[in-house]
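I'd like to ask you about the structure that follows.
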Amino acid sequence: MDEIDIAWAAEPELDDPVFVEGLPGVGHVGKLVSEHVVEQADSELVCRIHTEHFPPQVTVDDDSVAELAAAEIHAVDTEGRDLLVLTGDHQAQDNVGHYRLTEAFLDVAEQFGAEELYALGGVPTGELVEEHDVIGAVSDESQKERLEEEGVEFRSEEPAGGIVGSSGLLLGLGGRRGLEAACLMGETSGYLVDPKAAKAVLAVLEGMLGFDVDEEALDDRADEMEEVVSRLREMEEGPSPGDEDLRYIG
Amino acid sequence: MDEIDIAWAAEPELDDPVFVEGLPGVGHVGKLVSEHVVEQADSELVCRIHTEHFPPQVTVDDDSVAELAAAEIHAVDTEGRDLLVLTGDHQAQDNVGHYRLTEAFLDVAEQFGAEELYALGGVPTGELVEEHDVIGAVSDESQKERLEEEGVEFRSEEPAGGIVGSSGLLLGLGGRRGLEAACLMGETSGYLVDPKAAKAVLAVLEGMLGFDVDEEALDDRADEMEEVVSRLREMEEGPSPGDEDLRYIG
Amino acid sequence: MDEIDIAWAAEPELDDPVFVEGLPGVGHVGKLVSEHVVEQADSELVCRIHTEHFPPQVTVDDDSVAELAAAEIHAVDTEGRDLLVLTGDHQAQDNVGHYRLTEAFLDVAEQFGAEELYALGGVPTGELVEEHDVIGAVSDESQKERLEEEGVEFRSEEPAGGIVGSSGLLLGLGGRRGLEAACLMGETSGYLVDPKAAKAVLAVLEGMLGFDVDEEALDDRADEMEEVVSRLREMEEGPSPGDEDLRYIG
Amino acid sequence: MDEIDIAWAAEPELDDPVFVEGLPGVGHVGKLVSEHVVEQADSELVCRIHTEHFPPQVTVDDDSVAELAAAEIHAVDTEGRDLLVLTGDHQAQDNVGHYRLTEAFLDVAEQFGAEELYALGGVPTGELVEEHDVIGAVSDESQKERLEEEGVEFRSEEPAGGIVGSSGLLLGLGGRRGLEAACLMGETSGYLVDPKAAKAVLAVLEGMLGFDVDEEALDDRADEMEEVVSRLREMEEGPSPGDEDLRYIG
């Protein structure tokens, strides 16, 4: 296997596609959105990207078949723009891997002619969030106006700690290539998987790209989490939480 | 020394051999099985594999002679299939090393014409186990039926955390090469070296490959551990365990 | 992106320039000085240096534009010597990266003909410091006399733990190239960002290189920290500090 | 700088020299012995070995001159065998570095025709040691008899955890090259710098190689530590130890 190894599954014709990234991160916001879009819309696996910088690990699917750690890029056909959606269970495990893997993502994006990128994620607030604002950062200032129209907030020098991982590098390295890259970060506590923050980010993405997917699955997931949160709140006054609740905490 | 360095000891003629991996892991189940087979059956060292990705370490043998950290591949002649059995005291210590070392294992396997692989290990249950079920995962769904006949259980999306280390990568990378790879995981508490889980895994392996080795040594080891466990149980009501017991805990 | 990637912004003509390093470290002393000089004097960005050995991260500026992790080298025109000032938010994240990045800094320095280097930093005392002595270390003993005239103290075998990171390597690797490299370390508690220690280091630098920048910004920052310290002292007798204070602690 | 970079200081003519390693480790036993021999006998610096796998660090000498992290090889002229003695303040900081650096040490050893190696170190017992036995491990069983005559003890499969770091690899990689390598490990508590264990190891080395150095400096250091130990024992019944004592604990 090469350091970064792309296994192609399809080479679809795409019309000026937009690249959308949603790997695991704060509140799994980006991952929830990207997986939701791939599941709800008309999508096709384009390639699996393996790398020595992922954990040495396979996941086991529902047929007990092992799948080598991978990021996946899917072509998604929507009523709006064509999408290339990046999903996966892992970030690179080391600095060098982060840079090289993101360059590989950008290579695929450019191979299909994508000139616009959205990196999706969460921004931790440290407390339970009622209103899920979406904070933005961009590779070029000219992108801000249109994003603000969709409700994205731009706050000077926020997030204060910068943006780490693939989302950050897609902006940093994508911007160096002259691509228009924006990061959409849903405000979330940072403690729990947060489908509501995901819905807020999805709404911005839909507005920007002119598509609309069914949100029932995210709503169901949000109801589930709501219940967990209310039980956690009850328990703050009672004994410590049982193991059964912890499985929801990502 | 090269990044991965193979020191050949023999080049036996093997007939359609099966590659069996048993490096250290949960409950040392895989390691117990692979070492037991090498010791009990008619076996010959084929090669030692050294790598910069192993710990910078020698072990000291009973003659006080130092042996450089290595994985070993043994040819094992059984009444059933010919085996290539991988044993060793270490896993690679970093991600890149895991991938490269597993590729090296697969290269040796293919060099001898092996097309079938078994990765042996344990799956932790978190509690003391009475019935040692063997859980399976495969690189190709077609392998499941035959394994189920030998009593292997397939559970959707289990183990939930995937399979890490050499066992996982043998499936993931072996599958990519078109080899048939199965992982056999004995249920074990995860807290103790577990010869009983090893026996359960060995039984499946013997059934699949048509051989039968004396199990007395594993039984003795199991009796020893039984005693340790019963003492640990007693001690739960008494004072904390003495150091003499801890040497059994791997 | 290359392992180390230099994006040039300008190629100024400099007259026998001096290279000054101030990356993050103990008390952020070096960083405070180098950024202060760049801001107060007539300066021009020469290049941004990116590397896979920096964190996989962008910072977000006041316009919400993402900037890829970088070190920056600025040409600074003073009434004394011409300066090349290295600033940045990060040190390399691994050993190999530290060595390679420092070699890259030295390459740029030599490209502009710099033969003299100052690495700026802090030395932790473990207690609040009233008098901010500046401790020195050099690549060549002949440099000491002139530095002592500017008030630098040389103490046998201090700092006891050596000098780590870019500052240390600029001396070690710079000395190997035959450059004159000195490290100026302001005594500081090690617990807080320390603008007073920065002022002490700046004073030495100004004396050595014959320039003089307005210090108001550092004074303001010092007053701010003074207040924090006095509040911390009060709180030692009262309840634990609120979050609002912690933002000052670097 | 190359990944491993050798700066030559001298190229002495040596007669069938023996290579002796004493880098930092358990109780600093090996380091104490190697530095003591270099200081007490007629020695000459042969080379400094720098590497990206050492910490990014300089030490500061008594003249405040910075010295890049290095291992040093000294030629030592004794009334017995000629020695090449390896000293230094660091081990490599990562697995790959350990292997590559040890290969570099062996290259230098072989360049001078050394065919015999001694790796010096300590073996931790976990309790204060009165009798400082010296435990041995060898690359070839034939070496044991002569070492036993000098009082070295060989214990089956000890140390149980193997030998890690440069000492271990000198045996493992040296043995692969056909060199005779022995590891001499002085028993020591593992908690303190142990000049007495160093004396025990030195005595074996002197006996093997036919030389004899003044031991006063080690005796003084041992007396110093004796005092520390007795104070520590007193304190076990009194209040916790002051900082002044901790500087002795390596």
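As written, the chain order gives the labels A, B, C and D, with residue 1 at the start of each chain.
The working rule: a residue touches a chain if its C-beta (ideal position, glycine included) is under 8 Å from a C-beta of that chain, and two chains touch if they have at least 3 such contacts.
Nothing here was measured: the structure is a model prediction, and the numbers come from that model.
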item: Turn needed to bring chain A onto chain B - CA fit, degrees, nearest 5; value: 90
item: Identity of the chain that, by mean CA position, is farthest from chain A; value: D
item: Residue-number overlap at the chain B/chain D interface, same or different (half cut); value: different
item: Gap in Å, rounded to a whole number, between the CA centres of chain D and chain C; value: 37
item: Interchain centroid distance [CA atoms averaged], chain A/chain D, Å; value: 52
item: Set of all touching chain pairs, with the criterion as stated earlier; value: A-B, A-C, B-D, C-D
item: Complex contact set, residues of chain C against chain D; value: 92, 95-96, 98-100, 102-103, 136-141, 144, 154-159, 162-166, 168-169, 171-173, 175-176, 181, 183
item: Chain A residues within the chain B interface of the complex; value: 1, 3, 7, 52-69, 93-94, 97
